[in-house]
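Let me give you the structure first, and then I'll get to my questions.
Labels A, B and C are assigned to the chains in the order they are written; within every chain, residues are numbered from 1.
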Amino acid sequence: MLKQIEGSRAVAEAIGLCRPEVICAYPITPQTHIVEGLSELVREGVIENCEYINVESEFAALSVAIGASAAGARSYTATSSQGLLFMAEAVYNAAGLGLPIVMTLGNRAIGAPINIWNDHSDSMAMRDSGWIQLHAENNQEALDLHILAFRLAEEVSCPVMVNVDGFILTHAYERVDLPRQEQVDAFLPPYEPVQVLDLADPVSIGAMVGPDAFAEVRYLAHYKQLMALERIPVLSADFREKFGRESGGLFHSYRCDDAEVVVIALGSVNGTIKDVIDEMRSGGYKIGSISITSFRPFPLVALREVLSRARKLVVVEKNLAVGLGGILSSNIRMALRGLVQPVHTVIAGLGGRPITMKSLAEVFHKAFKNELEDTHYLDLDWNAINRELDRSRAARRSGPIAENILRDLGGIEKRA
Amino acid sequence: MEHPFAITLDVGSSLANRTGSWRTSRPVYVKHLPPCNDTCPAGENIQAWLFRAEEGNYHLAWQEIMKNNPLPAIMGRACYHTCESVCNRARVDETVGIHAVERFLGDMAIANGWTVTIDKPVSGKKVLVVGSGPAGLSAAYHLTRLGHKAIIHEAAAQTGGLMRYGIPTYRLPRRVLDAEIARIEAMGVEVRLNRRVEDLGAAMAEEGADAVFLASGAQNTRLVDFPTDGSVQVRDAISLLREIEDKRAQLDIGKRVAVYGGGNVAIDAARSAIRLGAKEVIIVYRRTRATMPAHDFEVVEALEEGIELRVLRTIERIENGGLVLEERVLTDTNRSNPTGRFEYLEKVDTVVMALGQLVDNNSFLKGVPGLEFVGDGVKVDNLLRSGREGVWAGGDLIPAERNLTLAVGHGKLAARQIDAYLRGETYVHPPRGKIAKFEKLNSWYYADAPKTIQPALSLIRRQSGFEEVLGNLDESNALYEARRCMSCGNCFECDNCYGACPDNAIIKVGPGQGFEFKYDYCKGCGLCVTECPCGAIDMVPETI
Amino acid sequence: MEEMPREQQVKFYQKGTYTVGNRLVNAKSRAVQSSITRNNSLTSGHRACQGCGEALGARYAIDAAMRACNNRVMAVNATGCLEVFTTPYPETSWQIPWLHSLFGNAAAVATGVAAATRVKGKPEIRIIAQGGDGGTTDIGFGCLSGMFERNDDVLYICYDNEGYMNTGVQRSSATPPTARTATTPAVGKEPGNVFGTGKNLPRIAMAHGIPYVATASVAALHDLEAKVTKAMSFRGARYIHIQVPCPLGWGSSPASTINVARLSVKCGLFPLFEAERGEVTSSVPIRNPIPVIDFLRTQRRFAHLMKGGEENERKIAKLQAIADENIRRYNLVRKEV
């Protein structure tokens, strides 16, 4: 059924169609509308046989989900940013215990300075926690990926984090096609856990594992992700068959076949990138793009096959691994190891900074002209930065950089 | 179900981890000797029979007593129960009234006609027992249970020895005495009354006896010479008590009676005198009350009955119908020394001499070859063997503390010796365990009396003092009393070790079968030892 | 509630009235721990230290809960001694469905398990969350308070050994004043733990108004079992705080674990009481009360207090005042009626 609704509502309704049994809710912008929607759906009885639990923190939210999942219930929660970090210990724990929890992450920057707007700093902080991380390009995919996520999580006994760009998707009203309950039921069988708290077959879950077996446990977690790498295309194909549309997969290629320059990105920015590509294609530039859906597991082999055909790669990413550069581009370099194609990093959209078509087009043109730096910072205010750097060179202890830059920009009053 | 590797484990799998290897010392279940048992002259296993009594199994409890003592109804009344003076319970609240429970069981046995079994097949051997007092009866009883024929020669017209002729009826009703002796006779012990042994060899030959136990007692009164003008009647306590037994109450002893001596016989004589109608009875004793050999509770009862104590006095002479007494002083070493100061006790009708008894060794004993004497008593070794092969001696006849319960113990020991002798074996005394001291107990687990129950408790304690006028304990009291036993040094299956082990390293075998350690898992923490209420677990170092 | 089963009060003088079992009373009046068929929910082969009070307390509590709920119990365990010594791969000592997630989230995980059993239509399954004092009064406090406030159907049991023993005896908010730990060493001007205001979790639990709160001791088994049994008769959030001495951390002999716990109760520092919906409903009167010093001197963690001097006297007096306040507040020393 087609509906013009907010992204968060679309996600909430999709979760409802997945027949969740335990939902743990704790508010944090920009994820909040999802759990609000779910609360309504549960109370109205749209979602049946479901425990909706308001908890006191994100740490508790995921912990309740851990308990519920270990006891055999299909469990869901959602969070963002600081919330993800607050539950970080439980994030690793859920993955370590192999519990197929599905969690929506309304992607958002991490403070300080506190910032509620979109980037991918939060999910990247947890990229090695053992969770499968899927990124939605638009609201339709956000909706679809959740349905896929439960099926995938429960098949491989691994939690799945569905990344939905904060505000850009969560708060955007778009037209989405909501599947019917029978369709979802046909795609997503009831949860059958491989390990569960059961009086009839008691086990101890969560043992302490020492040097004699810890490495094996970690390898098995890695192996699980490699399995997921095989399952994602299969499940996506099944999804296409049952729902009649393309969603998920490891990544989406756009006009890459003869592309000399391929742009790579996660999430919603791919929409903008495609528009720029269309423009440049009409200008004769052989450019294409890859929108990565499965960041974890990272499809090294499949990407290598596609990317090795291009002359040059430009990775647009909404995070900055401070002290290193781009995380996604590092991962791409890993996919291309041994090959000669240059991989450029474009750090963009941090803390919700708009990524405009104009700026992207400039960068892509520079790439064609071999003028693009190794790491490019999109639309950075170099004046503010240079003033701060000059000041700090003069007086080492000049206070918080953020405050100073804001002062230079006129955001706050200068001290008398 | 297949579980994820390592993080999910099958329940109870830690049983594979044998933590017993951590141990440096191990707990072991032990049986220590309760102080009551240790001190009982008759060798009763008091803790064991209280264990049965406390569960209401009175018949088993009585059988347990009967293993060592054939006269529980008598002992429960007339024994001076040294067991109670060492009872560890006194450190918690008050001593357990052991004698009261014993008497309760003894009376129940009489009322129900309970009997014991003969433990061994008939041996065909015969044993002559001289004397039917507590030692003789005890020996005859045990010999019978051991399969031998016991024949008692008794000089008097009735059985019982000093139990009949020495213990006043108010302490020991004769129906009780008769019943317990009758039970022994019914087992097959033959008693020949009015049979004073004159020639032991002839008596043995007559009975065809293979061995002899001498238990003819000490009936002669120790005499002290002091001048008398004949104005006061002088009697000895033993003959007085005997005469009371024969003539009952028809004896005139006068209105004002002095008893000379401070032992239990003196008290018996004094209290009997009251019962014979004396208005005033004065006990004259050369030391202090604290040093009187008589048991304190007897003295207390005597005082309650109005008897007067005149301590630190000796009788100097009798004159003008009264006694001249000399004051004495006690030295640091408890000697009673004269002072040269005198006083006069006027209008005394009778003086009863109760200064102790002597063995009449001017009797047939003289003619027994090999028999030797120490003082007036027959000399025996620590196994009661006399100088003559095949002849044992016990009770008041030998130099030892003279009391009823010890005599019963002698009878048992002699019987076991004689049994071994007749079978050509050597009797080995079972080893004695370590004493179960109060410090080894964890008395926390025993309920102590709340203040409301304390008065009732004291009452019971007094009632159990065996005044026949006060009667027996009823069943609930007896049970109550038996359950106060702390079972010192002996497991009573309270499950504390089983419950307190943090490692589940104890197997509860089942009722009556106690517990076992699972040394595969016991880490040797010792919690079971500390929490055992009765100190029945010891820690011993591991030998590696 | 009295420490002694009612039947035993009638015939007061009975051998071993306060023992685990008593062959003289009917089986129902004996402790669960006396039974051959007790569950041994925590079985042999675990790696707790010799004389571990927590191993004892956990078996006592879970076995009692199992008896009370017809063996339909699942447990969630916080990180800590109890978790580490019971479930090191490849062996577990637990005999019931058991889940360990993290140090600070046992209460929340238990909420999740309880929610799952509800949604699965198995309300007969009862959920217990358990942890040490660190996992309860400190790091797990937020989740615990949330579980209480929502009145989730979970019994939370805190095994309080008054410190972080698993990590090598550090101070927790349950460590008593003056006690020596690795982070409150007995040196300097204020040796041992400081006198704070205390963090009395049973009372905090009561302040949530949850259906049932109780304190218990490994030295009062009948009482402990009765309280666990009672707790299982309620639905909603329940809390039992069990004092479990740690020979290592307290510096007491492994053989004296129960005795030390007993002294703690007898001196008034650890009051035994229960409360329903925020109101104290009963307390266990102290049998043969003792001064706190008799408790303190059994443990090396208080050894520095025993060196004499005015300052130490003052501190002991302050500890006595805490005990006296407990005695007053919970009416622990009563006249015989």
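Everything below uses one rule, namely that a contact is a pair of C-beta atoms (placed from the backbone, for glycine too) under 8 Å apart; a residue touches a chain by one contact, two chains touch by 3 or more.
In this text the structure is predicted, and so the values were computed from the model without any measurement.
Here the chain at the heart of the structure, going by C-alpha means, is C.
The most distant chain from subunit A, with centres taken as the mean of CA atoms, is B.
Among the pairs B-C and A-B, the greater number of C-beta contacts is found at B-C. Put simply, the C-alpha centre of subunit A and that of subunit C have 44 angstrom between them. Look at where the CA atoms of subunit B average out and do the same for subunit C: the two points lie 49 Å apart.
Computed from the mean C-alpha positions, the centre of subunit A lies at a distance of 92 Å from the centre of subunit B. Touching of two or more other chains is recorded for residues 6-7, 9-11 of subunit B. The set of subunit C residues touching two or more other chains comprises 86-87, 89-90, 92, 94-96, 98.
Residue numbers of subunit A whose C-beta contacts span two or more other chains: 97, 202-207, 209, 213. Listing the residues of subunit B that touch subunit C in their complex gives 6-7, 9-19, 22, 54-55, 442, 444-453, 479-481, 483-487, 492-496, 498-500, 502-505, 508, 510-511, 518, 520-521, 523-527, 529-531, 533, 539. Taken in their complex, subunit C has these residues touching subunit A: 71-72, 74, 76-77, 83-84, 86-90, 92, 94-102, 104-105, 108-120, 125, 142-143, 145-146, 149-150.
For subunit B in complex with subunit A, the touching residues are 1-11. The touching residues of subunit A, counted against subunit B in their complex, run 96-98, 157, 194-195, 201-207, 209, 213-214, 216-217, 220.
Remark: subunit A residues 21-22, 24, 49-51, 53-57, 59-60, 63-73, 75, 89-90, 93, 97, 197-199, 202-210, 212-213 touch subunit C in the complex.
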